[in-house]
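Letters A, B and C mark the chains in the order given here, with residues in each chain numbered from 1 onward.
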Amino acid sequence: MSFLSKLVTLFGLVLLTHAGYSAHEHTVLFNNTRLALPHDIIVETLVAVVIVSIGLVLGADKLKPISWRDWAGQIERDGGARNPYLGLEERYGFWDIRAQVEPVLAMALRLCSRVSGIVVEHALTISQAKRKEFGDWMRGQDLPAKQ
Amino acid sequence: MGAPVDVREINGSDLISALHLAQQAPAILGPNPTKATTSTTGTAEEYSQLEQLFLACLRTGDDQSAQACLDRLSHRFGPANERVMGLCGLYQEATAKDRAALEKCLEEYEKILSESPVNVPIMKRRVALLRSLDRPTDAIAALIQLLDALPTDAEAWCELADLYQSQGLGSQAIFSLEEALLIAPNAWNIHARLGELLYVSSSAPDSDASRLGSKSVQHFCRSIELCDDYLRGFYGLILATSRMLENGHADERPSDPTVAPKKTLDQLKGFGLQRLREIVESRSVDDQHWASSRSELIAAKELLNRFTSS
Amino acid sequence: MAVQGVEQTILRDPALFYWILFPISVVMILTGILRHYATVLMNTPPKSPSTLAESRERHALLRGVNLRNHAAAVLDQESFEARRNYMVAGFRSGAFLKDPNNRGQPPANPMTDPQGMEAMMGMLKGNMMMMIPQTLIMSWINAFFSGFVILKLPFPLTIRFKSMLQSGVMTRDLDVKWVSSLSWYFLNLMGLQSVFGFILGSDNAASQMAQQMGMANPAAMMNPMQPGQDPDKLFTSEAENLEVMEHFCILDGVEERVLRNFAQIN
């Protein structure tokens, strides 16, 4: 919600409260004479409602796509990470964890060799000891930032 | 939970984001990761994030943080919870030193299953382990047993399709993917995957190439219809239509009304090329953002070059 | 009857508001919350199937329904026919049943069947959770607060609402706008649902339970069948549904559709 819309909504709410208070006072004062509610109170209420609505609409979130195709296209343009059917291709339940590790290690080593210029290709032969070593290193050091 | 780190948008296949997520593990788990927190509160969403973190840590070899995640999960849900048992098995597989240790994991799974036969996560782990131990026929048999008891699990059907395909059984793989699609009929990526499978099996020598090819075109079209800007769908559409056109399976007036005439296929190919070009142009501008699908983009560019040069 | 056109005025003591209207509302909200937590405590999670055959029996029906609903989006005529024949034959022959030999026999007596017994206990507990607090509060209100007129509605109503709004006040001439304390209790009982939704979160039945379930594979826990229902009957009716179904495929002509809808910009 932007500042402007907040301001407009607040102003409308103040008006609405004022109108309500006026109506209450009016009925207390003229309880026995049964005078109709003055027009200015009615007009104030209506204007206040309109202003509050405008404020809320101004502050609403961006509209989301309605059609499936647009929504799915949005997801794909964002890189596909939010695809609800991604699990059917990733299949976490059937993960072969031992086959998953090596590409990640290779990628990490490539990333840091790009930065520091060290040739680490021989390190790609991975044993369990290496795996542990790498895990310790992962927690200690920073990879180049994504940006 | 510790620092407010955004771990929601994690693409599982994306290696870079998995690395980044795993690096944040100490921050998320807090200063004392080995000691499980005593609180049992927390929303379901937080725990699913913890699960993601666990997987990412295992992938990057950070076994300590993974152990901490696992401790928290089993502290909250109890070690007898089926899903926690599955994750536990995954951890043991990842840290197993040699083949003998893996065989021991397998024995453990079988022991658990003999006590409670419908433990789905453990059943899935067993299939995955069998596959990883190079016993695909056993894996297929175990998976069929699972699917017989639980025929509404789309993930398992997809895995079965993958297994069949790795064994070269195209038509069985197609059947399995169709079953998965019956459960999730709007999954555009599975439609594209089915299209790819059909495309591959239409190239087999003793197959009904024209029928399989036209079905493959249909599924790619459906995937495009379900998802705007779907690179994989357009890529497959171009390949499938051009093979149909080259091999002379396209008629001006096909006898089968479900098969599209040649003119339509031509138009589809042109449409696919045009859209693919647009997609490639719009994505290669912002290279870093598309890091996860860079290989797809490169393949798409190569395809475009091939068609523009010829 | 009240004289038309002349408004009845009743001077109400403000104490009526503080000592009747307000306490009744508060008590109703609090009992509602209490009941919610009591339900959560006493609720037992649905039992997951213990054998593979039982799981198959539960999911076979869903598979049939899925085929019926989604076949148009995926299958062509040939593979649909094959699947339909397989499902119908399976449903008819009882191949999906947990215990095909027991087919045709009357369902076990729920009193002797332990599973049926459990389900009945669950239902009984749920009913008790509703009944007991209601009876208590109703008698409490009747004993202390009956016979008061406590508020006036700001809009006119027809005479039919009199029995609803003025129970406990036997005045024939009283305008329908006036509400008695007992009626206020009833209005609260019926109308506080949305308030509970606001206080306890949207799915206020059991949010805690949902979380537990989330961790424990919801698909396997799901049980489409009510206790005491005969799965064989459900299967036969599903087989009939499948048999009369007319298949069409949205993949027919999808090529032209895509071209027409999305390729106009050429």
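Worth pointing out:
Criterion: a residue touches a chain if its C-beta (ideal position, glycine included) is under 8 Å from a C-beta of that chain, and two chains touch if they have at least 3 such contacts.
This is a predicted model, so every value here is computed, not measured.
Between subunit A and subunit C, the least number of touching-chain steps is 2.
Averaging Cα atoms per chain gives one point for each, and the point farthest from that of subunit B is the centre of C.
Between the Cα centres of subunit A and subunit C there is a gap of 32 Å.
Centre-to-centre separation between subunit B and subunit C, using Cα means, comes to 36 Å. Mean C-alpha positions place subunit A and subunit B at a centre distance of 26 Å.
Counting partner chains per residue, subunit B has residues 120-121, 186, 225 touching two or more of them. Subunit A makes touch with subunit B in their complex at residues 68-70, 72-83, 85-101, 103-105, 107-108, 111, 128, 131-132, 134-135, 138-139, 142-143, 146-147.
Listing the residues of subunit C that touch subunit B in their complex gives 48-56, 59-60, 62-63, 66-67, 70-71, 73-76, 79, 210-212, 214-217, 219-220, 249-259, 261-263, 266. Interface residues of subunit B facing subunit A in the complex, by the touch rule stated above, are 9-20, 22-23, 25-26, 55, 58-65, 86, 90, 93-97, 120-121, 124-125, 127-128, 131-132, 154-156, 158-159, 162, 180, 184, 186-190, 193, 225-231, 288-290, 292-293.
Listing the residues of subunit B that touch subunit C in their complex gives 43-44, 47-48, 73, 76-77, 81-84, 116-118, 120-121, 145, 148-153, 175, 178, 181-183, 185-186, 215, 217-219, 221-222, 224-225, 257-258, 260, 264-265, 267-268, 270-271, 274.
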